[in-house]
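Just passing along the structure, written as structure tokens.
In order of appearance the chains are A, B, C and D, and numbering begins at 1 in each one.
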Amino acid sequence: MTRIRVLVTGGTFDKEYDELTGRLFFRDTHLPEMLRRGRCRLDVTLETVMMIDSLELDDGGRARIVERARASRETAIVVTHGTDTMVTTGGALAAAALDGKTIVLTGAMVPYAFGSSDGLFNLGSALSFVQVLPPGVYIAMNGQQFPWNAVRKNTDTGTFEGI
Amino acid sequence: MTRIRVLVTGGTFDKEYDELTGRLFFRDTHLPEMLRRGRCRLDVTLETVMMIDSLELDDGGRARIVERARASRETAIVVTHGTDTMVTTGGALAAAALDGKTIVLTGAMVPYAFGSSDGLFNLGSALSFVQVLPPGVYIAMNGQQFPWNAVRKNTDTGTFEGI
Amino acid sequence: MTRIRVLVTGGTFDKEYDELTGRLFFRDTHLPEMLRRGRCRLDVTLETVMMIDSLELDDGGRARIVERARASRETAIVVTHGTDTMVTTGGALAAAALDGKTIVLTGAMVPYAFGSSDGLFNLGSALSFVQVLPPGVYIAMNGQQFPWNAVRKNTDTGTFEGI
Amino acid sequence: MTRIRVLVTGGTFDKEYDELTGRLFFRDTHLPEMLRRGRCRLDVTLETVMMIDSLELDDGGRARIVERARASRETAIVVTHGTDTMVTTGGALAAAALDGKTIVLTGAMVPYAFGSSDGLFNLGSALSFVQVLPPGVYIAMNGQQFPWNAVRKNTDTGTFEGI
């Protein structure tokens, strides 16, 4: 069975509602609960790299994600990431030329903790693509997969589309 | 973009709770709602073949599923199916030798209508595998995929495992 | 603040889905989780008397519920109960002539564990009525309250109505 | 049966998540869906007065709420309201001396649209209290009810407490 590493970086995926302030914030990742709910039987190792909104992710943060992907002994890597700068991080990972590794970035438009989230669908999709796609860096959203440099987020529709 | 046909056959996936009788039953499929929630942008055609518990599926029913898969113009086909006899239907589809078609069967251990369902995860997984696997008949459950003749349902754990 | 005892007897309220058998069953009560979710700040003592479908409740079982209500130091008592024989148990409680006690029976048409349950609504309602109604035995369902002997369950609509 | 008017003013109760901006906003009220889910059989008339965060509610807005309560033919009135200034609006309603009317304000700490909301519990509670409390202005939160001038929101705990 393919061994998979999931690098958690935050994003809408993992946001929660703070009932005292009425704001969204990060606490722990929901990935363990999501894998349980999906009855996932894959050999998955979770690693929380950071918990931030991807709009606040800078070059230093991106370098840390690249470094953790490079250090991964697993060659199948899923990165959970905010959708706003997912493609930029895909570019940073590609520039690092991590030969032999299949890296799939995914995220969500609605926090998993809110009932109507697309997160579980996207996680099932990303974990599947990462097992079968050849080495490279990909975005998996909306049931689709794209090479990182052939996709953009359409901010009007909130979906990813090929370019 | 890959065009995908989803053949709906019922299964736990689509069961609902009848509050007047306290029993589970079938009404309409939840697939449209699930695809909306997953913000799915794939070119998917839905076709409801039947809505039954797979324990009640007989040879005649299986022949209908095979016939609908044969008639499908799409070469990528997902079949939503009860888990109890999913492998048997996989065998019937394989015996039909539908050359050039990639067929992925998936299902759920908990109805989608109940909060804790694995259905959305499995649907994301099956729709992803069907886009990239070579022609053949597969089971996609628990984040994994197996050729139909290399897998069984472990009824003690409720998970699928390779054989 | 009114001190309230909640006598848990099971009913649809507390049913769960057994994903291995596809049947409904009882495990632990969901009352603690429901009170947490309602951010309930009442002085509530929970007591699980039994966990059964009210169609299986016999005279012996009813006698136990009456006995626990009699033993309660709290004079405000909520009984969670299956809807099918809720009125019968109301009668047994009334026959016991527990002077000075306000007893409110409530339940649910859909299990709390399923997303679409009316349980949380009914619990909020029953806990409110029990604080303000005079001594007696009542049914609280559908946002309404009825004296136990002026109500019946309409099995066609699944709602309670005055008689 | 008591006829009840529900005046909707917004508040956390009715907030939704805008997946394009990542911000909370108001669209339509969730009250109809909540009443359906509670299988509510009360004679309820819904009236949306405004849809705003109660921190943005000014004297003019409060005057409109008072005016709608005064115009109500129903003498049992529930007001859904943000928790931050719920007590202030209670004061405005009390100052208007709407003799013979029982007015219960309620709200939620978590939006109904998010899975973990206390909204359904609070709605069941408020609709119950309004049927049985004598004329006056009350706050119903956390399963409790308080006269409007004997309660405050504890912003550290997010709960209401007597003073």
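The rule is short, and it goes like this: a residue touches a chain if its C-beta (ideal position, glycine included) is under 8 Å from a C-beta of that chain, and two chains touch if they have at least 3 such contacts.
This one's a predicted model, so the numbers in the text were calculated from it and none came from an experiment.
The most distant chain from chain C is A, comparing centres defined as mean Cα coordinates.
Averaged Cα coordinates give chain A a centre that lies 45 Å from the centre of chain C.
Chain centres here are Cα means. That of chain B falls 39 Å from that of chain C. One finds 26 Å separating the Cα centroids of chain C and chain D. Touching of two or more other chains is recorded for residues 109, 115-116, 158 of chain D.
All chain pairs in contact, by the document's touch criterion: A-B, A-D, B-C, C-D.
Contacts from chain B toward chain C in the complex involve residues 12, 17, 19-20, 22, 24, 53, 109-111, 113-116, 155-156, 158. On chain D, the positions that touch chain C within their shared complex are 1, 34-35, 37-42, 109, 115-118, 120-129, 131-133, 140-145, 158-161.
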